[in-house]
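Across the two complexes that follow, subunit A remains constant while its partner is subunit B and subsequently subunit C.
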Partner chain A sequence: MKRRSFNATLLAGLGAPALIGLSGQARAAGKPTAIRIGFPGAGTGGRPLPTSGYPANAVFRSEIEQEFASEGIKVEWKYFVGAGPALNESFANGLLDFAFGHGDLPLLVGRSTGLKHKVLMSAGRGSDVYFVSPANSPAKTIADLKGKTLSVQKGTATQLQLYRVLAKYGFNDPEKEFRIISQIRDDQVASLSTGDIAGALLSPFGLEARGVAKRVAEIFDDPDISAPSTVWVGEAFEQQYPDIVQRVVTRLVKVAHWSTQEANRETQYQLWTRSGVNTYIDNKKSWDRVKDLRTRLNPLLDDYYVAAIKKSIDEAKKYRLIRREVSLDGWIERKYLNKALADLKLENYWPTQDASGKFTRT
Partner chain B sequence: MHLFKTTALATAALLALSGGAVHAQSTSEIATLKNTVEDLRKQVQELRSLLQKQATPAAEPVAQEGESQESLDARTAASKADIQGLRTDLENYKYDQSRTLERNVPSVVRNTRIGGSITLGYATQNPQTQPVTTGTTLSPSPAPTTGTTNSGAGATAPRSNTFLGPVIGLNFAGNLYRDYAEGRNLTYRLALNGTSTNGTTTIATTDAYIRYSFQPASGNPEDPLGTITLGQQIVPFGQDVQAIDPEVKAVIGNAGFVSGLGLSGRQTGVVVSGDYDPYVDFTNNYRAPLVAYALGLFNGNGANRNDNNDYRDIAARLVYTLPVDYASWLRQLQIGTSYYRGYESLISGSASGTIQNTEQSKGLNTRTGFDINWTHLPFSVSYEWAYGKKQLFAGNATNPDGYQRGVGQYVNFGYTWGEQFLNSSKQQGKFDDYWPKSYQAFVRFDEFDPNRSIKAVADKQFITTLGLNVFFAETTKFQINYLHTRNQLGGAAPTAAKPESINGWQAQLNATF
Partner chain C sequence: MSASTDDLHVFPRTVERPIAPVWHRHARDAVQQGLIAALTIVLGLILPAALFALWWTAAERHWIAEQILPPPAFVWDSIKYVLETGELLDHIKFSASRVAWSLLIGGSAGLILGFGMALSRSFKAYVFPTFDVLAQLPVLGWIPLLIIFVGIEEPLKITAVSIAVVVPVALSTLHGIANIPQSLLEVGRVYQFDAFQVIHRIVLPAAAPSLFTGLRQGVMQAWLSVIFVELLSSSEGLGFLMAYSRSLGQIDMVIVAMLAIGVVGILIELTLRLIESRLQGWRRSAF
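Coming up: the complex of A and B.
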């Protein structure tokens, strides 16, 4: 990303972001008429459904609707095919109140350009990461792909994740050591079929079954590779309706607790197939390995969460994806989560991790 | 079975041996033998029950207390009949798909996207539109019999309102070669336009071009874009000139200078266009190229024609976009400049005996434009100025130096309610036919002076337009404009053909598919 002195001079005098509400959200004195919640993604074919995780379970089980049904507060769900960047655009134009599961890169890029929100909880952490190549590729490791074309949807959390995977294999300047192009998932799959890209981070199971791709690397629950995603609320909404925010957080903690029960594992596998993004078998393969669901379905804002966000900020600056400093001051708001955990007597339920990702409490 | 037989044989052998030797054995040895027999009996029992289990189908697992249906299903094995049933369903689906593709889905040789549009309108005018009584003789079709009036396109009696004849469009676009690796794609566009004139629909080709991306269009917002477009296309001049199709026009009518300076049609030629040094804000992948450019070489003789001379026209355009973040108030502030230069074949209209299609002299025709546009939802402001200098066949009383100079400008102020112009809103996941409804109100002040000569005092026109655009479906918009037109009379008295002012309404429904 190039810096320009002209740009810097301009920006110095521009001030606050333009958060002009395009659709007037009616605000009553004590409560809103609607709560607008966004997911950075949608199901296949633009299906208005989330994919997985405990915030997704809140949708499938209509938890938020039940919370506010008696007061007639409508819950509007928005699913952004354009992922995190599209969710940012919507919030920048005053069209969102909450985000469930925002990835680290679009989240902190948005904050760096002046989007004002408060981090409430971690939406989940850990994941299976697969690097796939065309099925007939001679590559055995990522090192064999140096100089080749890789694909990622730029601006999304996967972009930083790809850079971390490449760094793990010794490539610290990925834009120079590879040719990285931006494609959405469907185009990535097409390009793998034709052999026009050498690799991408994709779920491999369906691709392998069709003979399109093969796994070159797989990394499971590496705290240095997968950063936590986030649940946040817009500052304006939080200041106006703190009680609503508390109720949303408390409800989400309840859902998170339900999600970590072993008896509900199979139910979740089935719920997570509804978006069409992952099949039941994919969910089993990805999640059966996770013996303790609390390690992934974890809402805590512990040392690991904070350290992961800081690391993401440093990486985004290193790769010139942001132009300004991102301060954590006043951004992470723990009071709602702490109260929810206390009210539900779950203060010590979830395992915590230190800054390096090592579990300090299980 | 083998184990069973072996055990039975061993048992029999033991019994046979023990029969003859029992009298010679001690009590302890008898007890040992009895224990062995007992063990063998148990083994036989176990083997029997094992065989029985294999012959009997496994019972359905029973739900444990508190167990969810999904957990129970996970422990329940699928039978061969279940799998066969699923396979049958899948084969039926494959067959249905194959038949549908064969019978009901049109096929194409290459990737093709078909589109089109229907534009319907209604217009009112006060004072009324007057019938044309001088100039070109109308050719009525069919020929009028005695007592009937001309059924041509123009008014034959003073007319205050009319439904406008439909305008239709049909277009095909797609890629001729898709470069998955680099994005240097070869694409095409073919568009036809049909306008209602004189009882028929005149079909004309509008766009007909092939476009090659010489810069990789690999989806990286940080990379510059660049294309070469060969064929019939819109001239890259200003803003309003490039919005001549009803699908993209925010105001029903173009600014006065567009047709007044001869910029309203397409031209055939080649255009190199692209941008340089894009500023990217990854907040929402907002992209603002520092400079966008276009350089074109055209016949200059208009659409659907060969050139009529050896002179090629040149068009050039540069646009500077302020490199600021998406959240900045100055987002999408653009400053552009345009230039068009060409030569026309000039013919004297008064020389007797002159063959009309032979050039008698060459006339230089230049147009220069400047535009500013700022679109920061919900506000939008645009200003454009254009100046044309056209060489005449010879000087005349109004233009003694042999050049006609025309100038026009407009300013447009707009305000939008709704999410029509946000990609994040348009691309949301939805089950139903969702489209964010939006309303766009605007006012435009437009003036055009076709001849700035001080001797041309009655040709300037000022048009104020108040309008509302309603975007109520994905590809459909309704527009309503109120126009107040003021004619410069230069001291002359207003006439029915040229009143001092005209007020009128225009309503237009544009549906694109």
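Coming up: the complex of A and C.
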């Protein structure tokens, strides 16, 4: 009896991977059984929730689930404490179909190692960057922190952003001029409160209210410092289910449109506290500066998007974060976004920016 | 009447075989030993060769995605690259210096504890139970507490690795001294050795092999735990190189770091063996 149950366990153990393979084949019938969507990040303590932006709203408002509920297609959300790099690994292992907002560095790292995906739309652009230090730090400027320990989650877009911020203040060899360690956000906050690190890029308002940190530098809406993030789909999924991809994109554009309505501003400030990463005061103070929500919650793949990605490639190469070529050929697939904008009559709704980030249509 | 070897009835003279010339015998022995050594090496290489072939084939035929398992040629390029830029050596130096400091601190603490517990019964009675319980904790188990007390910087790494060293060194010292044959100590009493002479003439030489075993274990423990500790909030060292390369999707560099860890580990082991055999040469000639 015991033996039999052991055999059954063994069979189940061996069978499970085979079944996973089967489910892949079953999907060939025209409809996937599930859509697996990844977010590069998780809430505090690994809470499985997104933080902010219009793709996060799609989760909070169950938009994608509603889109596919009638057909019995399940939507699986995956959140990665290891952020963008972990999302890449998951996709390389064949465990993801979509990414809802991949930062520039991990996106390019993935592309450079040969991950096959198609860029569908921008997940958002523009941001204010805050450089914070422990509350009791005597530092007044970033230059005061030279040689000290800074913390960032390495491999994420914030690493590249930190390098850009430091370069703006005249430090062009960041890893030599500072000691930059890698920590996830939770650990950065803990280390700020114990004074173990001298600085990090974090939303400051909640931390200041708790007496943990203070701002040493802030940069508002600099298109050279912040880069757009990206929604993409795996190439295999896109080839097999173009209709599903179109419906996901159209639904996301709808969510993006909802997100830019002034009437929904306050609701979003509240939704964006759920992951625990930002407090209400963080959302309110940083987003109240944004007079027109369309400038941030923007799905377009305009000249600015392409130029920003190219600039990120150059920077990532300069800092030797990628060692292989990254080509844009055949990578950016605009047809789904264009169709969604046309169907929803939103072709001229969002402002566009030129390569330097200047608004060409407002 | 007892038998004597001279008695031809008891020990008949065997037919003497012609003895081969000395050089001839030496040459034969050398060839034989050479063959055995060669065979050992060949047998030892079979598994790595098979693993390498498996890796090569798996990469060649794309059994596993290239992002997860890069081909050997690419890893080889990366090895050349980090050797040329000196990056790898820098990381090894950082890890090695952490190991060295930890050995100095943890090793001395281990020796003091070990000697103390072995030589003084009351010291052992006070300390050993606590030590025994704490020794069960893996380095990993210390990390959360250590972060609170010493922060996340260098002290964390040195303390954690030192703890990994203390345990094997102290235990081997304790056992080495406890297992010294009573007869040796009795001889010491007969000669009316004073305490210094007992330690210098009896305890140290007799316990030397155990001390060395402990030290070797300590070094290996230090080397293994430094890699782990460097995964935490570092910006240098082999462990950091692994974690960082992984986050940039450079699995080739992860493999390079693994190879470096292995090679350095073997070098440490060989060096220690050499020192040990030099220092304990007297033992071989004594038996």
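Following the convention adopted for this analysis, the second predicted complex is superposed on the first by the 335 of 362 C-alpha atoms of A that agree within 3 Å, B and C clash if a C-alpha of one lies under 4 Å from a C-alpha of the other, contacts with A are read in each partner's own complex, and residues count from 1 in each chain.
Simple rule for what comes next: contacts are C-beta pairs under 8 Å (C-beta built on N, C-alpha and C of every residue); 3 or more make two chains touch, one makes a residue touch a chain.
This one's a predicted model, so the numbers in the text were calculated from it and none came from an experiment.
Student: Which partner chains sit in contact with A:Tyr79 here, subunit B, subunit C, both or neither? Use first/second/both/neither.
Tutor: First partner only, subunit B.
Student: For A:Asn93 in the superposed arrangement: first (subunit B), second (subunit C), both or neither?
Tutor: both
Student: Could you look at A:Thr267 and tell me whether it touches subunit B, subunit C, both or neither (first, second, both, neither)?
Tutor: first
Student: Look at A:Thr295 in the shared chain and tell me whether it touches subunit B only, subunit C only, both, or neither; answer first, second, both or neither.
Tutor: neither
Student: Touch check for A:Gly43: first (subunit B), second (subunit C), both, or neither?
Tutor: The answer is first: A:Gly43 touches subunit B but not subunit C.
Student: Touching A:Thr352, do we find subunit B (first), subunit C (second), both, or neither?
Tutor: A:Thr352: touches no partner chain.
Student: Of the two partners subunit B and subunit C, indicate the one touching more residues belonging to subunit A.
Tutor: Counting residues of subunit A touched by each partner, the higher count goes to B.
Student: Between subunit B (first) and subunit C (second), which does A:Val109 come into contact with in this model arrangement: first, second, both, or neither?
Tutor: both
Student: Touching A:Leu321 in the superposition: subunit B (first), subunit C (second), both, neither?
Tutor: Both partners, subunit B and subunit C.
Student: Taking the contacts subunit A makes with subunit B in one complex and with subunit C in the other, which residues are shared?
Tutor: On subunit A, the residues that contact subunit B in one structure and subunit C in the other are 82, 85, 88-89, 92-93, 106, 109-110, 112-115, 149, 154-155, 180-183, 187, 191, 194, 196-197, 321-322.
Student: Looking at the complex, which residues from subunit B come into contact with subunit A?
Tutor: Per the touch definition, subunit B meets subunit A at residues 66-71, 73-74, 179-181, 183, 216, 218-222, 277, 279-286, 322-331, 376-378, 416-419, 422-425, 427-431, 436.
Student: Show me the residue ranges of subunit C that touch subunit A in the complex, using the header's touch definition.
Tutor: 65-68, 151-153, 233-235, 240, 243-244, 246-250
Student: Please output the residues of subunit A touching subunit C within their complex, sorted ascending.
Tutor: 82, 85, 88-89, 92-94, 106, 109-110, 112-115, 149, 151, 153-156, 175, 179-183, 187, 191, 194, 196-197, 321-323
Student: What does subunit A use to touch subunit B in their complex?
Tutor: Per the stated touch rule, the residues are 1-2, 4, 6-7, 10-11, 14-15, 17-18, 20, 22-23, 42-43, 46-49, 78-82, 85-90, 92-93, 95, 105-106, 109-110, 112-115, 149, 154-155, 180-183, 187, 190-191, 194, 196-197, 263-267, 269-270, 321-322.
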